[in-house]
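You will see chain A twice below: alongside chain B first, and alongside chain C after that.
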Partner chain A sequence: MMRGIAAMLAGLLVVAPSTPRVKTLAGSVTGTITFTGTPPKMKPIDMAKEPSCAKEHATPVETETVVTGPNNTLQFVVIYVSAGDMGTAATQTVKFDQHGCQYLPHVQAMHTGQPLEITNSDQTSHNIHPLPSKNPEWNKSQPPGAAPIQTKYDNAEFIPVKCNVHPWMHGYFAVLGTSHFAISGTDGSYTITGLPPGKYTLTAWQEKFGTQTQDITISGSETAKANFVFKATPY
Partner chain B sequence: MRLLWITLVAGAVGTAHAQPSILGGTREDFRRYCSGCHGNAGDAQGENADYVDPKPRDFTLATFKCRSTPSGTLPTDDDLYRTIKRGIVNSNMPSWKPLPDETVMALVQYIKTFSPRWKTEKAGAPISIPAEPAVTTDDILAGRALFQKMECWKCHGPEGRGNGPSASTLTDSKDQPIKPFNFAASSRFKCGSTNEDLYKIFMTGLDGTPMPSFADNFKGDDAWHLVHFLRTLQQEERPEKVVWQQWLATHPGQLKPIGPDGSGQ
Partner chain C sequence: MGKLFAAIVAAIALVSAGVFVARIWWLPPDISTLGPAIDRQIVETMVATGVLFVLAQLALAWFVWGTGDEKNRRPIKRFPGGATPLVVIACTIVGIEIITLTLIGSKVWARIFLEPAPPEALHVDVQAGQFAFYFRYAGADGKFGTPHPDKIDEGSGNFFGLDPASDTAARDDIVSAELVVPVNRPVLLTLHAKDVSHSFFVPQLRLQQDFVPGLDIPLHFTATQVAKTEIVCTQLCGLGHYNMKTYLEVKSQADFDQWLKDQAAQQ
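And now, the complex of A and B:
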């Protein structure tokens, strides 16, 4: 028994230095998020009851639950590493603004514990009401000109955000256990950089269509490709 | 109904004296008094829950309306004790005043076993409440201006009747429809009937509902001004209302209405 443990320890000592990690190498992953099928039609938002916001928009604004682009691309999809190297928590502040009675951006991603600053650029009062299930729930009023709300979330989850005064306002905080994440842009594309060599599981999350995963391997400083296709349903 | 109360009270007295183990007896008390709505697991899935509006509190979330602590923090034991003893107006939560204090205190501890948050977090620090200033016309006018500026009227309505433009769209944190408080129809508030109870609601918010906390934006006696103004919207003949009506009688036509174009002055 003792001999067995000694042999194991000796084995560890031999193995440990034989796996050096080259920290400087970092690859990337890039891709495009698209859908097949028929996505739901977004509804026009009537801001007539809030003239100070209505005048911020030259063209009518629609809900942002499913935002599509040319060639069936999807915006506001969060792509993140769900298994593999998780990186280290970023310390820079993530910003979330209320402007024209909309959330900018509609979806904001952050690492657990990362500072989050919420501002109100509107000439009307909002209440910020995130609806977490794994973090404490709070609900704060933010009148025009009020100081930013400084906060953070300690547990990873997708948190719906709403304003009770303006019922059309909906957004999301994507609180992630990794610093390797990106949000797809207006053309549905994303890029995650700074991935050390290794195996990864990528997850793509869309608020209406759920999640999809894909495994990739980064061996050096190359750029891997990972496209995601969501099956859209109209309702 | 009376028979039910007698049974409840008799049962409570019996358990309080007969149980050597507080927590063991408390589970029986919880199942007798609370489970019907809140469920044996404290998850708001009791057999009566479907028929209750607003829905019973889900203790597994540890989100509570009536607190002396900031929005997003856990309430104190005393906050939970007061809620059980007082009940919640405009809901199916009755006052459990007849239960012995030790039974209610033990139930408070039992409620805290349903969410792991109670193991890792402490209750929030109770907010400090400055002494209530005297009721004056200026103070009520300042409260009225805040009612306009903070856009309380968007939910509660220009006259506090719970009929503002956003009222019909409101949902609680479980997506259940919920009505804003109608000041003209009630003398008691959600978390008590005193001016101080109303003050606390502005500064802590009613977590789990659309009512936010104004703590970051109210300065000095702002919340007291708003308390005094809201008292004038109630039916009761209160000192605030007397002062206000005297001023209104001597200053006809000086107020702009509250609402989309109002200045609140």
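And now, the complex of A and C:
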């Protein structure tokens, strides 16, 4: 008994001072996602049949399969750690809104098991229908003012999301087995922080152009650089 | 009590017939070359059935008025048996009426569904799916790309499953969420359903035709006025059926050409 307690105390003495030092040593990776070639032309979405949504948009919205920015940058690319330290599951709720008959954001990334809250801020009914292959499938109606849908996904996969009422509505849930992920912004840039030292494989996923990987090494608290270039085709 | 019932029966018959005679809640304006023939058929049907309806209801009211309160009622005649001649006469009259209406009406029906569209007709490919209509025009080459159901990807706007990468005819196809047609020019629609049965209903064109999965259904019309009106689905097709609608816009030939040009630039 006494020996057991002594061993535990000794263990604490060894572990306790080392824990904060590991936390302080966290690097990050940043980069820009670009494309070469000609990307497909995005098509305008006609929402005339849903006037409450049409009036939400001053300029006509377009499909978001390939969203490009200045200097051939790509938005809505998910960059995540596919090998290496996977981090710990995040507990904060991830939000996904239906607004102006569009999904906001177009692509939402989350850790497996992370709470997901789906809201409808439109004045019309939606019927959200994610199409998973490794998770249970469901579709749920959300009239205007309905309570948010609270859910989560336990298996990692990229899940296309559609609306059963409005055929043009389209998005993705990127359910990942890591908490180290980011989505490229309007300028195509991304940053993943909090990477403990070690070797990593980064994967970049774009819904039309597929995936690319890159290996990086984080040795301390530095910021590594990893750019990805996708090859675009017009069709 | 019998007299009150008789009065109510007569009143309902006369008021409901009066609504049609006075043309309260009448048909919406007709903007189609086929409209007058269909409207004439509708009026003939309404007159034939309406006269019988009013006479039958008034006769019922008259009998109830005279005999409804009798204490010593005559025995009721039953069918088959005592009432057989009466029932046979009634069935014959109604049968002749229905067959006559069918024969007369089949001429109008044939003009819509059996006669082919004129060769100069504008071809528009129509796809109905839960819960929207999409319309496809052939583009500059005058040819439609081949649709591939497995390539349908609504999120990227590929509602017809076109394959522009390998099918050059599909590259200039123009897809619109509204049906826009030129005035006074025949239009030939080809209706396909992506998933379940839907219906193409435009009251102002006097046209209603189901979409049936697996069938390509031709439907032709000529609009006679510049107008904008609703196209609605009238087959209960699922949860969003109530919201399945779009618009028919009839434009002058010049406006239509400009519209098509603007659409082509957006594809």
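The rule is simple: the second predicted complex is superposed on the first by the 213 of 235 C-alpha atoms of A that agree within 3 Å, B and C clash if a C-alpha of one lies under 4 Å from a C-alpha of the other, contacts with A are read in each partner's own complex, and residues count from 1 in each chain.
The definition used in the following text is that a contact is a pair of C-beta atoms (placed from the backbone, for glycine too) under 8 Å apart; a residue touches a chain by one contact, two chains touch by 3 or more.
Computed from a prediction, not measured in an experiment: that's the story for all the values here.
Upon superposition of the two complexes on chain A, a steric clash is found between chain B and chain C. A count of residues in chain A touched by chain B and by chain C gives the higher number to C. Residue contacts after overlaying the shared chain place A:Gly210 against neither chain B nor chain C.
In the superposition on chain A, contact of A:Lys49 is made with both chain B and chain C.
Once the two complexes are laid over each other on the shared chain, residue contacts for A:Tyr235 go to chain C alone; chain B is not touched. By the touch criterion defined above, A:His170 lies against chain C but remains apart from chain B after alignment on the C-alpha atoms of chain A.
Looking at the shared chain after the overlay, A:Thr63 reaches chain C, while chain B stays out of its contact range.
When the two complexes are overlaid on their common chain A, residue A:Ser141 makes contact with chain B and with chain C alike.
Of the two partner chains, chain B and chain C are each touched by A:Asn127.
By the touch criterion defined above, A:Gly37 lies against neither chain B nor chain C after alignment on the C-alpha atoms of chain A.
Using the contact criterion defined above for the overlaid structures, shared-chain residue A:Gly194 touches neither chain B nor chain C, since it reaches no partner. Stretch 152-160 is the one among 44-52, 62-70, 98-106 or 152-160 where chain B clashes with chain C after the superposition on chain A.
Residues 49, 124-125, 127, 141, 164-167 of chain A lie in contact with chain B in one complex and with chain C in the other. Those residues of chain A lying in contact with chain C across their complex are 40-46, 48-50, 63-65, 124-125, 127, 141, 160, 162, 164-171, 208, 233, 235.
The residues of chain A lying in touch with chain B in their complex are 49, 51, 124-125, 127-129, 131, 133, 136-143, 146-147, 149, 164-167. Within the complex formed with chain A, the residues of chain B that make contact are 61, 63, 70-74, 117, 121, 149-151, 154-155, 165-166, 169-170, 173, 205-217, 260.
Residues of chain C touching chain A in their complex: 129-132, 154-157, 159, 163-165, 171, 175-178, 238-240, 243, 245-247, 266-267.
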